[in-house]
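What follows is subunit A paired twice: with subunit B in the first complex and subunit C in the second.
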Partner chain A sequence: MRGGRALGTLAWSYLALTLSFLYLPLFPPFVFSLALPAGEPGGLGLRAYLELWRNPVLTGAIQTSLLVGLLTSVLTPPLALLAAMSVRELRAPRAVLLLLLMPLFIPGISMGLADAFLFRLLGIPPSLLTILIVHLLWALPFAFLIILTAMAGFDPVYLEAAYLHGAGRLRAFFDVELPLIAPGISGAATFTFILSLNETVRTGLVQGPWNTVQTYVWSTYLQVGLSPTIYALMSLLIALTVILILVIRPLLTRRSQRTASV
Partner chain B sequence: MNNTPILQLEGVSKRFGRIVAADDLDLTVIRGEFFTFLGPSGSGKSTLLRIIAGLERPDAGRVRIHGKDMAGVPPWQRGLGMVFQQYAVFPHMTVAQNVAYGLRVRRLPREQIRRRVRELLALVGLAGKEEMNVTVLSGGEQQRVALARSLAIEPALLLLDEPLGALDEKIRREMQTELKHIQRKTGTTFVYVTHDQEEALTMSDRIAVLHVGVLVQCDTPETLFRQPRTRFVAGFFRGCNVLEATMTTAPAADRINLHIAGQVVAARASSATGGIGRRIAVAVRAEDLRVGRAANEASVTIEATLADVIYRGTNVDHVLELADGQRLVATSVKREVDEVGRTVRVGFDPASVVMLED
Partner chain C sequence: MGTVQGGAEQVNIYSSAYSSASGIVRYALLAIPLVFLTVFFLLPLALTIVVSFWERAGFWMQPTFSLRAYQDFFGGPRLFLLRRGLSVAALVTALGLALAYPIAYFLCMHVRVKVSRTVLLLFTVPFVVNYIIRNFSWAYLLSRTGPINHALQALHLTRGPVDWLLFSDFSVLVGLVTSYMPFMIYPLWLALAGIDRGLIQASWMLGAPPLSTFLRITLPLSTPGIFAAIIFGFVGSFGESAVPIILGGLGYQLMGNTITSTLDVLNYPLAAAMSSIVVVVMLLFLGVWYLAFDVRAFLGKIVRWRY
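And now, the complex of A and B:
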């Protein structure tokens, strides 16, 4: 038993080490965001945070990010759901599944350039639409994977029960399957929103005159370098992501509890 | 019971790759009947139920309900009810919403739905549990909800796919009696699938025994129990001894002489044919065999060695070995002989020997 405890301590220490390795880089920006510009009196302050709101380029970028993020998270899950349903219905072979997931592994810069080139061939000027399409393409495989997983936990016997009680395919889907896989769909929507909010490389290649928060951070860094404003923005984005993840978590755990009780 | 057929299967066949689930099956179920498909796993009984439900399409043959060919009719238009082994009550709906589901799909007036739900929950013994969350109910209660949900739509047929298979012994026995009671009370035709011979015998009006997609025998429980037609059917019912015998005469006037472990027995001839010297199997029920003193009153006796005595509560099994090595079991209400290894006599009435077809 003592050997087991020693092993436990070792495992916990390793876990602590891994976690600090993962999260350590996130702290300096936060600390530096509170520092005041050199030469000014005083130690720490929220001035950098307040300044964010006085920058019209940035507030415009925030609006764009939120708009694109919301549209992506509304449009992607239904498309992913249809794809997942087709895969199940056709009992599609693994190769098809792999094809659907392949875009996840294509380098962002290649995908972005390919998208930009296609838009030019089609004569679509860089706009909110091109940003939206690129985000949708980026998020779709992830959303597909999440919904497919949620659907794997759904027992088709519920659909059969609905059919036998007089419900056709569509009715049975809306009455029975959709409510039971809803946590997976809202999880996919939240995840999609995070992906859209954080996307940079592909966006940068099709953004045209529009800025998202990420392209703003990137171009400011290239032109001005690091500043308390950038640190503040980074801290906010990290905090937002953490909050969104915490929003998905209960949805996912509630799902697994229900599956366990059935 | 009038004899109106409600369900007819005509030459129904279904294969999954090399597995045969149904092989040219014909049968008729009468209105109001409790009809059971009995068979081991892999016998195709569940597939047959799914074909009737419209959840599987047969490769060949016809399913008729009320005489109407069901080819191309989807499950939601067949007007059937179905109870599944895994209950399949909708976990996101209350008890009442579950029971009301089929009625809501059919757009019945709200007041009528409420009345019907109350009626059915009373029928299955769940009165007052309308607003409960189904996931907190026990397995037996969930299955009652499923039963009420299926009966609510007054189905032409109620299909039950091993509905008690996931319940523990005690609840299963209670539910057996209750299912039979509900079936009688509502007059609904039940088509029931089980692998449990006792369940089938207790509840059914008729039983169809299935073996790898073939209908081996379809009879009342009594006939099936007393006169199994094949070795497979005999082997399916607990307490049935199957013995190897040789014909010593050709069947004549319903009588035949059989040679069983050195003893000639005049048995009742069945449809099995063949001549002198043909080896056949016969069945004799364990409770029709007498051992010890009781054997002396029997018209035929055979010598055997007592191999084991097994106490089973309400009865005692005497395991016997015949001179040619065949084993059989004789059941009586008390211990007849005790010393294992002793030579004893086994007695029986030739009328209780049933010739099997294979």
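And now, the complex of A and C:
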């Protein structure tokens, strides 16, 4: 028994060590965002955070990011829901499932390049639309998995009950299933927003003249290097991401309360 | 996957309730995501391969059938990228797997479900925070004047700053492992959670020691998850484009950032050829995964398949 406990302690220490190693890189941007330009005495440097809003290119990028993020988070969950239903109802062949998961496995550069070729050959100029499409592709498999998880917690006996009471397929879906899997759907929407907000590589290949916050950070890094203002921007992005994850925590970790099984 | 009791009747309520005009609408709706993926994902990948056989012409390309791009790649100085890329990817995958498997195993076998879900969420945070930002941080943490070098000197472990921490194979490895490892935990956890505990108990009751139970029952049954994790880590780091720029230093090339620099000089066919190589590597892995395992087994825990 004592040996078991020692092993448990070892395992938890290993977990803690791995996690701290992974969390370590989240802190330096905050420290650097508060740094003052050399030779300026005193005070906590919140200046970088104020300067963010005076740079028109940057505020434009922030607007683009928020808009694309919102559109992605609105459009992806219905797509993912349909995908999850097609897997369930059409008894989808394994190939369909593989197709739905494939965007997870392909490197961003290959996916971005492939879509850039497509848009170029179709004559679609780089725009919000092209950025949105690559974000949808990237977010879809994650949303699909989250919604599939939510649906696994739903007992289809409820649907059967609805049909027996004369409800049509649509009615049964909207009145019975949707409310029960709604936490999973809003979880997917938020997660999708987070993914969109943090995407760089795919966006970079189809952005044209448009900037998102992430492509702005990347191109600034390549052209002139990082500054307190960029660190401030990164800090805000990290903070927003962590806050949103905390917000959806209950949606992702708890399954629907009213499930009869699982 | 194991059939759930009453499978046949449950299929009925899904697929046979309405099968007339509304059925067409239903199939049309359900096909939307698949059409979307076909048009904006499969087609573009096929297009990449087609374009890799074209020839460059001015600012764009000339449709033709030419092996020029592949001759450039395989016959030129870039061929080392293939070997380096494959070995870096193999190393990252092996390290990621070695780090992630114990975590997934422990969470799955020895921790209550509620706690393990919270811990998994803790691993999600560093995964979703943009990995480029995280790698900027590593560039600082590993630098000559960074905290790790300070600590090493303060502890008198080294005399001067250690140079190989940054702009080296080591730093690239740190960046890639921390970028790809967190997500490798999920398929492993899913596969492990899907294993029928009865089998493990049976092995125990038949007198097998824990290690042989693990080697002969748990490990083989978790292979679909292991394979999914391998594909994610291997293909991802093979095609990685940002980490070598941030942590590799000037001139450090991997497949991904070489594709980017090839695009900068407008050599689209060569970029397409290199990207095609990445895509083919991915397809090979996915093909093996598809043929060797039931892909659905990987989702065993979260989907109750009714067949």
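Simple rule for what comes next: the second predicted complex is superposed on the first by the 246 of 262 C-alpha atoms of A that agree within 3 Å, B and C clash if a C-alpha of one lies under 4 Å from a C-alpha of the other, contacts with A are read in each partner's own complex, and residues count from 1 in each chain.
The rule is short, and it goes like this: contacts are C-beta pairs under 8 Å (C-beta built on N, C-alpha and C of every residue); 3 or more make two chains touch, one makes a residue touch a chain.
Here the structure is a predicted model, which is why all the values come from computation and not from measurement.
Trainee: When both complexes are superposed, which of subunit B and subunit C contacts more residues belonging to subunit A?
Mentor: Counting contacted residues of subunit A, the larger count belongs to C.
Trainee: Between subunit B and subunit C, whom does A:Val176 touch in the aligned arrangement: first, second, both, or neither?
Mentor: first
Trainee: Just subunit B (first), just subunit C (second), both, or neither: which does A:Gly168 touch?
Mentor: both
Trainee: Answer with first, second, both or neither: which of subunit B and subunit C does A:Phe117 touch in the superposed model?
Mentor: In the superposition, A:Phe117 touches subunit C alone.
Trainee: In the overlaid three-chain picture, which partner chain does A:Leu137 touch, first (subunit B) or second (subunit C), both, or neither?
Mentor: A:Leu137: touches subunit C, not subunit B.
Trainee: Considering only the touch criterion stated at the top, classify A:Glu160 as touching first (subunit B), second (subunit C), both, or neither.
Mentor: Once the two structures are laid over each other on A, A:Glu160 reaches both partners.
Trainee: Using the superposition on A, tell me which residues of subunit A are in contact with subunit B and, in the other complex, with subunit C.
Mentor: Common interface on subunit A, subunit B vs subunit C: 160, 163, 168, 262.
Trainee: Give the list of subunit C residues in touch with subunit A in this complex.
Mentor: 10-11, 13-15, 17-18, 22, 26-27, 29-34, 36-38, 40-45, 47-48, 51, 60, 99, 102-103, 106, 110, 114, 117-119, 121-126, 128-130, 132-138, 140-141, 178, 181-182, 231-232, 235-236, 238-242, 245-246, 256, 259-260, 263, 268, 271-272, 275, 278-279, 282, 285-286, 290, 294-296, 299, 302-304, 306-307
Trainee: Contact residues on subunit B for subunit A in the complex?
Mentor: 53-55, 74-82, 84, 86, 88-92, 101-102, 105-106, 135, 146, 149-150, 153, 159
Trainee: In their shared complex, at which residues does subunit A touch subunit B?
Mentor: 155, 157-158, 160-168, 171-172, 175-176, 179-180, 258, 261-262
Trainee: Please output the residues of subunit A touching subunit C within their complex, sorted ascending.
Mentor: So the residues of subunit A touching subunit C come out as 8, 11, 14-15, 18-19, 21-29, 32, 79-80, 82-83, 85-91, 94-111, 113-115, 117-118, 120-121, 133, 136-137, 140, 144-145, 148-149, 151-152, 156, 159-160, 163, 168-169, 191, 194-195, 198-201, 205, 214, 217-218, 221-222, 226, 234, 237-238, 241-242, 245, 249, 252-253, 262.
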